[in-house]
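Please find the structures below.
Both of the next two complexes hold chain A, though its partner changes from chain B to chain C.
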Partner chain A sequence: MASASSANLNAVRETMDVLLEISRLLNTGLDMESLSICVRLCEQGINPEALSSVIKELRKASETLKAPENCTN
Partner chain B sequence: SSSITELLTALCDSSLAGVSWKRRALGGVSREAFHKALKKRAYGTLLSKLFQDGVKAPATSGPSSPPRNRVLMICFDLRVAGCREEAERLEELLETLPEGAASGLSELDSVLELLVHLAGSSPPPPPCF
Partner chain C sequence: MATLDQKSPNVLLQSLCCRITGKSEAEVAQQFQYAVRVIGSNYAPTIERDEFLVTEKIKKELLKQRREADAALFSELHRKLQTQGVLKHRWSVLYLLLSLSEDPRKPSSRVGNYGALFAQALPRDAHSTPFYCARPQSLALGYGERSSGLSASMATSGISSLGVYALNGPTPTPQSLLAGHPPQSAAGVAPPMGSRLAWALPASSSPSLALGPATIRPPLGPSHPNTRAVRPRQDGDAAGEVSEAALVRDILYVFQGIDGKFIKMSTQDNCYRIDSKVMVSKSLRDTSSRLSELGWLHNKVCKYTDARSLDRAFGLVGQSFCASLHQELKEYYRLLSVLHSQMQVEDDQGVNVCTENNLTLRRLLVWMYDPKVRLKTLAALVDFCQGRKGGELASAVHAYGKTGDPQMRALVQHILSLVSHPILNFLYRWIYDGELEDTYHEFFVASDPNVKTDRLWHDKYSLRKSMIPSFITMDQARKVLLIGKSINFLHQVCHDRTPPGKITPASKSTDTPKDAAELLSDLEGAFQEKIDAAYFDTSKYLLDVLNRNYLLLEHLQAMRRYLLLGQGDFIRHLMDLLKPELARPATTLYQHNLTGILETAVRATNAQYDNVEILKRLDVRLLEVSPGDTGWDVFSLDYHVDGPIATVFTRECMGHYLRVFNFLWRAKRMEYILTDIWKGQMCNAKLLKTMPELSGVLHQCHILASEMVHFIHQMQYYITFEVLECSWDELWNKVQQAQDLDHIIAAHEVFLDTIISRCLLDNNSRSLLNQLRAIFDQIIEFQNAQDSLYRSALEELALQLQFKEKKQQNEEEGLWRVTAEQEAEEKKRIREFQETIPKMCSQLRILTHFYQSIVQQFLVLLTTSSDESLRFLSFRLDFNEHYRAREPRLRASIGATRGRRMSNV
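Presenting the complex of A and B:
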């Protein structure tokens, strides 16, 4: 039982590593933390297209906050 | 496992990484207020998409190709654009990616679809010297 769950954990880790590299090559802008959150949201049944719109909106909103800060630096 | 609400909050948190709140607080923007506005925006986008999905006519939506095929289409585009190494690495990774239960994830195709939708949404990393 314990070995089955650790095997599954290893499978998840390996899959996440591959997904992160695919994500980097596609220039999605996701880091491991946000990718893990997205994976869990997809597993909760959130539509991937809707989720991509949410991520783009959040980026737009936080960029407006970061922009003046970058100018002053 | 976390709820959708907790995960969306975590997504908002991660999008605010790197913002200096000390300086912001002086300008009248508090972390709490901005976080609340971000969450409102996230839910608004999510709900508007849900309603759009509801009114979509079946004839116009059509069957979409599987996400793995769409990644392969991106590989083709990369080759055409002269990025042969990236295209080959992407194909290699796609072959390495386990399918179904072997991946340990229940919604691997949805995650791939998300990556396809986000492709090119961020600038490429600066070259290393």
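Presenting the complex of A and C:
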């Protein structure tokens, strides 16, 4: 995570802060941890398009898991 | 960031999954696997890596939402990010954030739009096909409003913009259905519908992402009409209905002849059928049973090839047939593997996104139609070819090529080209090298290894009629047989060492089945030409060798000259020389004496100028002696034949020649005898004029002799001109025009047969021949009778002359001319002699009578003969109707035949 590197610690933290701010601006719904994971994945060259679709899918899956519970409630 | 990079994407993904769903690692295993697959299948980004474009898009998006302040803030943040330089893939992160962004003014749509987003994202993102690679570039950046377009569509209704995926979106319909629910939950319910469609298929195939039937089934699920793909595979137990997808999976196995889960081979019905206990709708049952026919056909073909491929005795043709079947099966397997991978892709997709591309039984029915027809053809072929091999098999395959269906014909033609390839190879080896490499007796030329070289041409090679492929005509097959036989004959019998390539300008042989196919398509043209060329060259070469090195034609002429008495001076001289020898009893004859005489005769006549090769073959042969035979009966000329010549002049032929020679020799002897008789008559006529009492007898002799001379002359004329010369001319023409040795042999046999039958030597004219023999006997008897007559007459004449001389002498000596005693003795002797004359007379008359009756009978037989030339002979013999006047039967029969002929006209 952001605290991993001591040398670039500050730079990384700053970057992450900026990104978190952008994320908040764009209303992505990502928390700090998710965002950092996503950033790392992106840095490894993963297709952001695919990644975004995965995240959406996961959210939807968790929603559907919750939905019936809601209904039954 | 070095440390950040240490973790692999998979680990990161897993923690992401946990984080978002809020579950433990174990629980998110399915989602994780799915995520890995999507990411993995889409590793390369399909969008342009342009940070600027992405930021511009973000700004635009913010502006659209009327958040100018936020846009400015974003620009500031972005600038900061750029200065940091920590991130390498800034655009990537930004793009991710952009695509995850939501309009904060529509919070309620947040959950609901996942379905819509996902539904659209999947065909675009989850696919790994190039089709999708090409699209987003224009879509995402071309009009640059992908996100906004999405949100717009979300804002209104998914129906118009999302088309077939409308159900996935938060459409008004579910909302109205769920009127009682709060909006949030309504929006929350909608996705399950979408996800139901989306997840059903992957859930049925890969349980990794299955959300469980219990959770997946929403309250409104049962009422939904679209139940086709709903049931996962595990539902297919005896209790519930089997889904089509499960059947498709089964069918794909059945196609390969493997029992499926529900569709099994039923041994009693000998077909694949769905277990009757399994509940499945009738249409599916029907369709799958129709499809499973393929499995049955496949099994049939497989069984055949498996059984045969190890059977060595099945032969090359059979092996190539199996190979061609294998080839077809391989194509079939390839198709199956495509189908399998298609199914796999559907499984992997996890969603039934594109119903048009799904595998269904009906679709399979259409797709498998052609393969089915092919397999059916193969199975029919296999059935038809059962128990056949070699050329027979090729014929069977060829028979199936005669169909109007071009596809089927192409298939069969292909198989045929493979199957006939070994046959054509045999054929070329045979007609160009004369070698028969037919270990399994598949070729239509058979060789009998027991036959010695002297019978090579006639007996060694034969056609196996059943093995002649139907695309090769009988005529071609015969030619092929002849070509190879000629080559072998040249090598083994003629000891001709010419390499086969020199005889025929060897054309290239078929090395590949493709050549064979080409040749097959042009059987009348190129193939025929090839065979004809080889046939022509080989036969011509063979005849050349036979004529040049083995003097075939000279031998043929020698046969005519010596055995058929064509060389007149030689025969006459030989007869002259042999006469004293042959008059003796047969038992006292010695071959070496006769051989010596023969040589003398050769040296004394024109025969000496003949080829030494021919003369040395000429020999004397004594037939078997039966008691009472004279030399005339057993003597015959012989002609030794061996080597290649013996192929034409076979043992049977020589036997025929011998018979003909004996007949001709006998006829010739009759002529010879009659000449002697005539000579005797001429010489003695003057001497015996002094004995007027003899004139009656002598007259009788003359008449009979001339009758005989007439008869024999006509016979000789008939034999020489009507029989020998005509047949010889025919033979010679045929031999000159002969294209192959068989023609010569055939012509020669025809020649001999005609001679034999025309010379009355065949079985049909045995009675005629007997009559003729009797006539000949009469001639000999007449000769004996006349000889004894002349002998006694001349003896008497000599005695009378002696008596007269004595009287004269006595007178000169002055004695009594004759004493009474002497006188009386003389008188008595003369009287005795004169008393013998009537006896001779009657003997002659009997002889004449006998002779004439035989001739008449002979004529009667001749006129009733079926051979025209024999009827002409009878006409010639009885030209002045001498016999007709005497013989009522002759008159009747001649009249009858004439009458018949009139009526025919």
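We adopt the following convention: the second predicted complex is superposed on the first by the 60 of 73 C-alpha atoms of A that agree within 3 Å, B and C clash if a C-alpha of one lies under 4 Å from a C-alpha of the other, contacts with A are read in each partner's own complex, and residues count from 1 in each chain.
The rule is simple: contacts are C-beta pairs under 8 Å (C-beta built on N, C-alpha and C of every residue); 3 or more make two chains touch, one makes a residue touch a chain.
Only a predicted model underlies this, so the values are computations on that prediction, with no experimental measurement involved.
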Should the superposition on chain A be reported as showing a clash between chain B and chain C, or a fit? clash
Per the contact definition in the header, classify A:T28: touching chain B only (first), chain C only (second), both, or neither. both
Applying the touch criterion given at the start, work out whether A:E49 contacts chain B, chain C, both or neither, answering first, second, both or neither. both
Touch test for A:L65: chain B only (first), chain C only (second), both, or neither? both
From the options 59-67, 365-373 or 527-535, pick the one stretch of chain C whose C-alpha atoms clash with chain B. 59-67
Dual-contact residues of chain A, meaning touching chain B and chain C, are 8, 11-12, 14-15, 18-19, 21-23, 25-31, 33-34, 37-44, 46-59, 61-62, 65-66
Counting only contacts in the complex, chain B reaches chain A at residues 1-4, 7-8, 10-12, 14-16, 18-20, 23-24, 29, 34, 37-38, 41-42, 45-46, 49-50, 53, 71, 74, 86, 89-90, 93-94, 96-98, 102-108, 110-125
If we count contacts the way the header does, which residues on chain A are in touch with chain B in the complex? 8-15, 18-19, 21-31, 33-34, 37-44, 46-59, 61-62, 65-66, 69
Using the touch definition from the top, list the residues of chain C that touch chain A in their complex. 1-5, 7, 9, 12-13, 15-17, 19-23, 31, 34-35, 38-39, 41-47, 58, 61-62, 70, 73-74, 77-78, 80-81, 84-89, 92-104, 110-111, 114-115, 117-118, 121-122, 125-126, 136, 185, 188-189, 191-192, 195, 211, 215, 218-219
Complex interface listing, chain A residues touching chain C: 1, 4-5, 8, 11-12, 14-15, 18-19, 21-23, 25-31, 33-34, 37-68, 70-71
